[in-house]
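Structures given as structure tokens follow.
What follows is chain A paired twice: with chain B in the first complex and chain C in the second.
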Partner chain A sequence: MPIVIDHLSHTYFDGGMGSLSAVEDLSLTIHEGKFLAIMGHTGCGKTTLVQHLNGLLLPSSGRVLVDGLDTTDKKQRSTIRSLVGMVFQYPEYQLFADTVKEDIAFGPRNMKLSIEEVNLRVSRAMAMVGLSYDSFADKSPFELSGGEKRRAALAGILAMEPKYLVLDEPMAGLDPQGRRQILQMLEELRQSTGCAIIMVSHSMEDVARHADRILVMKAGKQMYLDTPQSVFAHAEELSKMNLSLPAACRVAALLRQKGVDVPLDICTREDLEAYLMGRLKP
Partner chain B sequence: MDITLGQFIPGNSCIHRLDPRTKIWLMLAYILMVFLVKSMVLFVLPLVYVLLALKLGHIHLSYFFKAIKPIRVLLVFMFLLNLFVTPGETVLFSWRFIVVTREGLRQALFISLRLVLLMTGASLMTLTTSPIALTDGLERMLSPLKAIHFPAHELAMMMTIALRFIPTLMEEADKIKKAQLARGADFESGNLIARAKAMIPILIPLFVSAFRRADELAMAMESRCYHGGEGRTKLHQLRFTRGDLWAALVTAAFLLVIILVQALVPGLV
Partner chain C sequence: MIEFRNVHFQYEGEDAPALQGIDLVVPDGSFLAIVGHNGSGKSTLSKHINGLLLPTEGQVLVDGLDTKEEKNLLSIRQQVGMVFQNPDNQLVTTIVEEDVAFGPENLGVAPKEIRRRVDDALQKVGMSAYAGSAAHKLSGGQKQRVAIAGMLAMEPKILVLDEATAMLDSQGRQELLQTVYDLHQRNGMTVVMITQYMEEAVMADRLVVMSGGKLVMDGTPVDVFSRGKELCDLGLDVPEIVRIRDDLIESGICLPNFILTDSQLAEALCPLL
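== the complex of A and B ==
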């Protein structure tokens, strides 16, 4: 069963002065095992939207159903939170325990799993994020490097083995290598466990390559919801919203100006390369 | 969050424009006034004084009651305690071991009135003075103590920074709380000890981040050549004006009336 967002609106400081509508009448279905990217300008309601997916925020109007469970139902909330894992911006700031393994075990323990199951999940999650159990499990999370901290924090969510994984700009502040590692890890996770991924991101290249669908938001409303190829075909509207296009799209646009007839649905470097190589061959 | 004490309402009334030093001194004078009053009738004077200041400061009367709200439990407790345990001769009411005397009632009313007036007076000052102005004023008032190596500037700077970071840390705490909730943390069930323990995953990251912020702020201040109060000049110089003089005169008049009436008219209720 999917996550169904049905005419969701969220207003901060409702009723009082300075009430602020962050999400307006948004409907969306998030399917199992798919990769959905959410894009939009700062303050367009992305973070507000994703915090509805596990009941951290509740709708001002409309409904959010996670596998048929309503997020407003208090009795279902812990089930919902174990189904929907959420990685916040700069997740390394939530590390608190004495050792890395204790910190990663926090989520699974809250799910009331057996000790064996918790230990199993901790070692699995650490393997997934590429932290070797032998050298990191008993270290303090505060003596790790920035990238290692981020991966340890990610492992804390992965150990809950969620069916849907929500990530709010998981690559912010990482170097290119760190970004690649995280993306590769997410791709592996999706293939091995069938976990759906919902990622807020500003990185067009990454989104173009990995996402099945992209949701573009503008001032709390849905602007586009489509495949990367179709979304990036709206080049002009996107640049008006201050969203840059992937490099491959920009190169394709320049080629089109020079009279090369590049198809509109090309938005990754590999596709562009393949197309151009195909043209070169007689 | 509803903390009236320490909440500033921006404005440009004559009370807002007073020098913060004046307001601090006048508040001390007002406290003196409240403690000098020994008769029920004369309590009208500090009450009129504080209501007049509210009016002149364009502060809505509802803030008078908001200021009392956080101490309402203490107020009731103090009232009952004084009502029942004050020894006296004229018994007004008695039932089994409960005895209420005229003296007890008088004492209870006195204490409650004093508390109410002190609370509203103190919150009146913070409602009309921005935290920055308040710490500026304190710094100037304490600066004579620099002669005996009292760190007046550093103290004021610490207060300013602490006030500045309250909202930041609140926001941070909210973020961390949400992140731990998403990991299935439960802050609402269990007994007191379980709940206190449940706070650890919030408090540790919060402290870590507070120390990190302090470190970063210190670095940022030093890289802009901050080196303490020595030889530091101010963008906004504090200056006494005619308004400050008037406020001082009015306050002095109130004080004088209270002292004189109590000295000359004996046996006031």
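== the complex of A and C ==
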């Protein structure tokens, strides 16, 4: 069963002075095992939206159903939180335990699993993020490098074995190799466990390459919801919204401006190269 | 001019040194970008420029002034403006213009002169319209520009940006980069920009690569980005445009190998199509 967002609106009230509508009448189904990217300007409502997915925020109107469970139903909240894992920006700031394994065990332990199951999940999660159990389990999280801390924090969420994993800018501040590792890990996770990925990101090349669908938000509303090819075909509108485009898409748009008839569905390096090779080396 | 002379640095309680024999000269008016993997020592290096960190061995000189001499620090910090990653950690007051005035006030600049500098600095970063606004209501990119204005009000010669775009969205990043580029072009500001984004490093006229506390590459962005394999081994990358360029060249399409930006690539491709 999917996550169904049904006519969701969320209004923040600012001390009786007025109200701000952060999400407005948004409907969307998040399918199992798929990769959904969410894009939009700071303040467009994407963070508010994702906080609804595990009931951190509750709808002002409309509803959110996680595998049929309504997020407003208090009795279902812990089930919903174990189904939907949330990784916030800079998750490494939330590391707190004395050792890496204790930190990762915190979530599954709260799910009241047996000690054996908790231990199994900790070692599985560490393997998944590429932290060797022998070298890292007993280290203090604070001895790790930036990229390792990020992966340890991710492992803490993965150990809860969520069915939906929500990540807010998971690659921010990492070097290119760290970014590649996180993306590769997410792909492997999706293939091995069927976990759905919902990722807020400004990293257009990555989004173009990995997402099944992209949701573009503007002022709390859905602007586009489609495949990367179809979304990035709106190059001009996206630029007007001050969103950046993948490099291949920018080059295609520039060529179009110069009168070259480039197809609209080019969004990755491979797309552009295949098109150019077809034209230049028939 | 900034001069690093055989600079070594080790954090207390750490086994490995963070900097190992850095020799680097940054002439006035240049735009230097520094890239390197997480933990390569780039931030440590940048904090040496205004004496936030002092070398364990070797010397750092800013316009000939040694950062190790306590009496030089005030003058060095006036010349070197630093902007860090987190836009929420760098503003100290609630109103934008008060924040910009904070630096010169502490330097004992006369009120009339402060007024002139604040107006001038806000104008240079394109934030004049927000002079009376509440700082916490600004976007991340706007906060970073106010942080730069606060530096400019102290009339520094050198601007050091330590991953200043890392927490911004694409618009905020564009705004900040454009501001920095204009300051360099129009006002001859010396810029040292540390970044994790290879696309940003393309703006600089010189690019150095750090790894394991050492400088391992030094050249123009064109030179450095022609060494894609080595960069990848160092945990880095080339800009996407360079990868497309190289793939096309490898497939036998005749393109100049100095292409770094999307407009250069489109320009070169157009006559072929």
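To be clear about the criterion, the second predicted complex is superposed on the first by the 273 of 282 C-alpha atoms of A that agree within 3 Å, B and C clash if a C-alpha of one lies under 4 Å from a C-alpha of the other, contacts with A are read in each partner's own complex, and residues count from 1 in each chain.
The criterion applied here is as follows: a contact is a pair of C-beta atoms (placed from the backbone, for glycine too) under 8 Å apart; a residue touches a chain by one contact, two chains touch by 3 or more.
Small disclaimer: the values here were computed from a predicted structure and weren't measured.
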Touched partner set for A:M160, first chain B, second chain C, both or neither: first
Touching partner for A:N110 - first (chain B), second (chain C), both, neither: first
First, second, both or neither for A:K281, with chain B first and chain C second: second
First, second, both or neither for A:F88, with chain B first and chain C second: first
Chain C versus chain B, contacts on chain A by residue: C
Contacts of A:F96 with chain B and chain C, given as first, second, both or neither: first
Chain B versus chain C as contact partner of A:L56, first or second or both or neither: first
Partner chain in contact with A:P246 - chain B first, chain C second, else both or neither: second
In the complex, chain A residues that touch chain C: 41-43, 89, 145-147, 172-178, 202, 204-205, 242-244, 246-248, 250-251, 254-255, 258, 260, 269, 272-273, 276-277, 279-281
Chain A-touching residues of chain B, taken from the complex the two chains share: 175-176, 178-186, 200-201, 204-205, 208-209
Footprint of chain B on chain A - complex, ascending: 51, 54, 56, 78, 81-82, 85-86, 88, 91, 93-97, 106-107, 110-111, 142, 156-157, 160
Chain C to chain A touching residues, read off their complex: 36-39, 85, 139-140, 163, 166-167, 169-172, 174, 196, 198-199, 235-237, 239-241, 243-244, 247-248, 251-253, 262-263, 265-266, 269-270, 272-273
